[in-house]
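First chain A sits with chain B, and in the next complex the same chain sits with chain C.
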Partner chain A sequence: MNIAADQNQSWLEQHTHAPVVGQELEWLKNLRAEALAQFKQSGLPGIRDEQWRHTNLRALKSNLYAHSHGSSTKVSATPNSTTRLVFVNGHFAPEQSSLHESDGITVTDLEQGCRDQSLHLQDHFSSTLPTQQHGFTTLNTAYCHGGYVIYLRSGTQAASVLEMLFINTAQDDDSLTNISHTRNLVVAEANTRCRIIERHQGEDGSVYLHNTITEIIAGENAHIDHYKIQQDSSEAFHIGGVFIEQAANAHVKSHNISLGGLLTRNDICCNLNGEGGHIEMNGLVFGKGRQHVDNHTQVNHLVPHCSSDEHYKCILDDHSRSVFRGRIVVAEDAQLTSADQQNNNLLLSANSEADSKPQLEIYADDVKCSHGATVGQLDPKSLFYLQSRGIDQQSASELLTFAFANQVIDRLEAECVREDLTKLIGGALLHELEDLL
Partner chain B sequence: MYKAMTEVAEQNKDLKDLVKREYKEGFVTEIESDTLAPGLDEDVVRLISEKKGEPEFMLEYRLKAFRRWQKMKEPDWAHINYPKIDFQAISYYSAPKALPKLESLDQVDPKLLETYEKLGIPLEEQKMLANVAVDAVFDSVSVRTTFRETLSAAGVIFMPISEAVHEHPELVKKYLSSVVPVQDNYYAALNSAVFSDGSFVFIPKGVRCPMELSTYFRINEMNTGQFERTLIIAEEDAYVSYLEGCTAPQRDENQLHAAVVELIAHEGAEIKYSTVQNWYPGDENGKGGIYNFVTKRGLCKGDNSKISWTQVETGSAITWKYPSVVLQGDNSVGEFYSVALSHNKQQADTGTKMIHMGKNTSSTIISKGISAGHGQNTYRGLVKVLKGADNARNFSQCDSLLMGDRCGAHTFPYIEVQNPSANLEHEATTSKISEDQLFYLMQRGLSAEAAVSMIVNGFCKEVFRELPMEFAVEAQKLLDISLEGAVG
Partner chain C sequence: MLSIKNLHASVFDTPILNGIDLQVNAGEVHAIMGPNGSGKSTLANVIAGRPGYEITAGSVEYLGQDIAGLEADERACEGIFLAFQYPVEIPGVSNMAMLKAAINSIRKYRGEAEITAADFLKLIRNKAELVEMKQEFLKRSVNEGFSGGEKKRNEILQMAMLEPKLALLDETDSGLDIDALKIVAQGVNALRGEDRAIVLVTHYQRLLDYIVPDFVHVLSAGKIVKSGDKSLALKLEQEGYSWIEDELQQAS
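Here is the complex of A and B:
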């Protein structure tokens, strides 16, 4: 008990020099104080917590963390889009970003956003978070120092993809580990549309902890596509949250692709608050080395006539491990709900592990809900068939693995993401095939 | 099956009159009994052991369990709500007074026999034709065991565990708590400390038990908890099918039932364990009823062994029960078939655990949950494949049927796989009775009740067909009765 208390105290001490934003704003100060009080009570989660049973945080907790106060790291990648915001170690890098401000659409960083009184962020900040939050979420509220804000006024559409790039680096001092807390807000008023691609990257081999939360508030008939593509360093810790609130007839798609990071944890939670809402959740995990990826999703059907559709696929090689927990809750009176959830796991190596917990919690009777989960390996018959056609075993297995992943990739509408993933997972063979065709 | 269906449909003609029917088994038998004052401490544990004249090793076992239990915390992870149980307000021992040694039926207290007759238990001669040996547990002490002679000729030991402690201490010592350790969970520890009786079955090598074995549990005294303990051992290539049925009288306060069942199957052995649980579920406002916290676990110890659990859970205010199979031997097989019904304010959190350890092991889980009224039904299960369990195979199917808009159906499966050669599938669906099906049956002349009954029986068919014949018929009737008034 005492060790845990000491640990939490030391965590707070490591945050004493945290570079928080918006200190002059009274509402934000209150929110932060509240979150801090909550953290002091709960502390960081451990494997004794049911929601963290399969994810051991010992390695994460053993590091000594420090904040980085901005960095001069340059981004080499060319932007895919005209609007791109870059965050280095959680700090907004304006010189590398191209902001967007057009009729009714504001895309800016957290600090500007909070100061801009016309956006009324105090009504939205932390409004999507559940009452029961784990320690990383409360820490994020208490210490977030960067992130993006997207505000769509009623009836507007973003002309191009909004790209958000998060880059993290290691500390210069080896004894310290870099930590950053970012908070992103997407507020879409009625009849709006936009596509957001959030990329998380880091120099390979660097150690850091990135704790990031995205809040999405979708108004009536808003259509929002959110991509989260995580390609962090293979030694990095990534703790993420995407929290979505949907009004009537809002359609949100949350795509969650986990490729990098040593330890990744994502909490994706959606509340369907208005009739006719639809949420699509897609997830793809490609684990290698000693990667550990833990995805927790929750869809709350609170009103009638909503639908949800969820597909999570995990490919696990080497010593990697995936944890999936998906919960669908259908509240009392949320009749005529249609909910489907699938989780498929492909184990490629003898040392990989898959844990799956698909859950249904249903309090209404006129509903159609189903979930399915499978764990298996590549079908030996299909492998044999391909080999009998002259394809070597390695390529055959790559091809079948790609086919497995492609069921999720196919569901992604953003072409640039689809292409990237095809290249990454399809491997060399697919290129050869494409040349032939 | 078809015949049974029409029979059920016919019976349902009268169902409307029965809608307000009360719990059929809710009578109290007035027999003087020897009941301990409520409360639990080491002295009570010693007293229980003393009353039963147990050997020293049992007392030590109980005390060890009791000390562990004192340090443990009541689990709260299940999806159920109930007021905190005061473990000091429960009496931990109750036995019909002055237990005589009995040779024939005539010597049994006629009031007791009457009770069983009301329950329709095949204890009487005429019912012996049904070829069922019954080890009836009345509150805590086994009253009599029928067919023991026939069984012992075959080499089968079937007796109350309190006698087995004296007659076969070496077997009890060897196997008791070898599958469910005393510290396994809160209720198992409590049971280990205070269990009063239960059944002991031992099937020797190569023997196929000549008849189906059956026990009947009944909680009679007020404020007593029933803590029975069952231990079944099947040696190499042995086979046994064991049936268990439960009822309790109707009372306003809640009663506790915390049982432990352990099964051990050696190489090539097969154990089939069937339960029809019909404890008093409480009234429509959720008053009274049994709290049923049960630990059941089987160990497929040897290669090619098989354990199969079949349960029909229609009673109890709260059910907390996860019959499990540990598949240790290579090629071993585990099965779980369950129908759980929760009506009125009943809550059921039930499911299974399949732990794959040996190579080429396979398990099947078929769970059917029915929720009606304000009932809450939860399936919670774990399928775990350990590293060495090559070619493990599991198929799980959990279907829920909802009747009424105030009930709930929940599914919480856990799948943990550490071996890539494993093949696991889990599917679950939740739906209500379709209007089309109802309409079709009603236009064929069935009443709404009969139509619902037929659909529900069809929904549960996969499980019922795993039950022994007499039990299957009883289970169907039970389901109909329990669902009375659920359609409106």
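Here is the complex of A and C:
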């Protein structure tokens, strides 16, 4: 047996006590078996896989993982009227969640959702995933044990923000590392609207691996805002995927904010399947310490008259590193496509590093595509200008850094998120200036 | 107030200033003229503490203190202000935010309480009126998309807000039409006072019709080669700089 096969076997052994849900559902059982077979073939990705060349998984692979069966972790109470589901180590925590059911909208956890035959999740589960899947995705399908399900029936709008809180903790036994696989499904029928805020958190310093996938199926003229705000522990591993399918005139916004995690990898993919579709992808990374954040995005323009608008900004301090790979594919039939992609990186330290890899593949001839990528430092002229007005260097740097981040923050419509980010990125000075920026 | 002795300075290791002596007392207005590349901006930037502009010999004293060891922001907090020849655009930071941060930073340095939101708004409205700047400019990003003249007026607004003791204006008059020039002069004259001093770097005598200087100095090749009163500026305007060069050659 070679080392890789050995390792795959060991990974599977670590999952023998995985608390999978929905075992009684034939369709799910079959999906899981299929995914497992695929995992046995491919194993986890490694440095030799082109898509993972820059993602060093050595530390992740060196841990011995175990599942946690829930935990007593408590979160602060939700503001009234907000729908919030809480997942601790991937397990739904109903006693901490607050649900505001309304006609035409189902918000529930994965287990309930799969059992609810009126939702027909068998038609949607894994339907957005690409045919070529990496090992984390197949593992997720095989072992997911929690997550949220949002189902919007034709013509309904969610009255409030749907907040999804994922809390992960360390194992009590520190020779073991906590692992959780979560799968989320958003199915929006025609003419629906909702805003989902996923928050990923963990006590700082705790080590865990959270492997999480969100599938979004946007029907005709569905408007979906999806926020992913990742503030995991600075020692945590976060492997995430957001997979989006859009029908005609659907408008989806994917906002991907990475502030925490030791290693973060996100794959965000969108298929524009119907004319008039629009996808906006915004990303913000603020790396510190030895954080590594890897964002891979892909937009497939498959039909005419769709647009995509992508803005990713990375701020990197200390020894942090980011990789951005943004792939835009415009199929031969996808005439009159409009696609814009911008990736700007700000290095705050001589030891930080940013890689930017825009990839445009255009097979149609009547399209408007643009892209830009920059890597730079704070402008010394701007710093001196602010200092010459009496602002100390630290504050001047913070002000300029925030100004950089604000170009993405400004694009976020959820005010609560803008406020949070202003506090988190801007620090005290910016908080005081907030209303003036 | 400002006492410069035998100042030699380099810009990123290139020697530019070659022994400048200049004494500016409180209440005075000094004009510094001279051909392009003679070192006027370098002098202003050295006084303001721009990184990379290094004093290699001589000294700059401000209010009796050698300022070589002070950072640019400390000098600003001590009351030195530089109106830039080329004001910098800062997307994402509004004029208001920058000025509030600046005022509070200066107040903190002096051990004073932060300005209240209401006082700040009152102050900035007053000063914006003085330089005839529309309110909407205050909310815009610093200098972003401003015309040349608007940028210069914005420098004067900032000066008026920060009320420096020593104001250095680097070609604030360049590229201004006569109305804008009058507004700039109005801002500068409002600042004049017994305990303040102003150093104007300019190419044109016309600014000096509105801001009458007590002294005029001519800078050439990093040195002050001639000093006089307002009439020197008039003569320079009419005859250019060549007669000074001739005078210098004859003397040597």
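Note that in this section the second predicted complex is superposed on the first by the 424 of 437 C-alpha atoms of A that agree within 3 Å, B and C clash if a C-alpha of one lies under 4 Å from a C-alpha of the other, contacts with A are read in each partner's own complex, and residues count from 1 in each chain.
Keep this in mind: contacts are C-beta pairs under 8 Å (C-beta built on N, C-alpha and C of every residue); 3 or more make two chains touch, one makes a residue touch a chain.
Small disclaimer: the values here were computed from a predicted structure and weren't measured.
Peer 1: Following superposition onto chain A, is the placement of chain B relative to chain C best described as a clash or a fit?
Peer 2: Here chain B and chain C can both sit on chain A without a clash.
Peer 1: In the overlaid three-chain picture, which partner chain does A:D173 touch, first (chain B) or second (chain C), both, or neither?
Peer 2: neither
Peer 1: For the three-chain arrangement built by superposition, which of chain B and chain C touches the greater number of chain A residues?
Peer 2: Counting contacted residues of chain A, the larger count belongs to B.
Peer 1: When the two structures are overlaid on chain A, which partner does A:R389 contact: first (chain B), second (chain C), both, or neither?
Peer 2: Touch partner of A:R389: chain C, not chain B.
Peer 1: One more residue to check, A:D6. First (chain B), second (chain C), both or neither?
Peer 2: Neither partner.
Peer 1: Using the superposition on chain A described above, determine whether A:Q407 touches chain B (first), chain C (second), both, or neither.
Peer 2: In the superposition, A:Q407 contacts chain C only.
Peer 1: Based on the superposed arrangement, let me know which partner A:Y363 touches: chain B (first), chain C (second), both, or neither?
Peer 2: First partner only, chain B.
Peer 1: Where does A:A350 make contact in the superposed view: on chain B (first), on chain C (second), on both, or on neither?
Peer 2: First partner only, chain B.
Peer 1: Now for A:D204: first (chain B), second (chain C), both, or neither, which partner does it touch?
Peer 2: neither
Peer 1: Taking the superposed arrangement, what is the smallest distance in Å from a C-alpha atom of chain B to one of chain C?
Peer 2: Once the two complexes are overlaid, chain B and chain C approach no closer than 14 Å between C-alpha atoms.
Peer 1: Where on chain A do chain B and chain C both make contact?
Peer 2: The overlap between the chain B and chain C interfaces on chain A is empty, containing no residue.
Peer 1: Within the complex, which stretch of chain C touches chain A?
Peer 2: So the residues of chain C touching chain A come out as 48-51, 71-73, 75-77, 81-82, 84, 87-88, 90-94, 96-106, 109, 141-142, 158, 162.
Peer 1: Where on chain A does chain C make contact in their complex?
Peer 2: Listed in rising order, the residues of chain A that touch chain C are 379-382, 384-393, 395-396, 399-400, 402-404, 406-407, 429, 432-433, 436-437.
Peer 1: List the residues on chain B that touch chain A in their complex, please.
Peer 2: For this pair, the touching residues of chain B are 77, 79, 385, 400, 402-432.
Peer 1: Show me the residue ranges of chain A that touch chain B in the complex, using the header's touch definition.
Peer 2: Residues 50, 54, 332-333, 335, 345, 347-350, 352-377 of chain A touch chain B in their complex.
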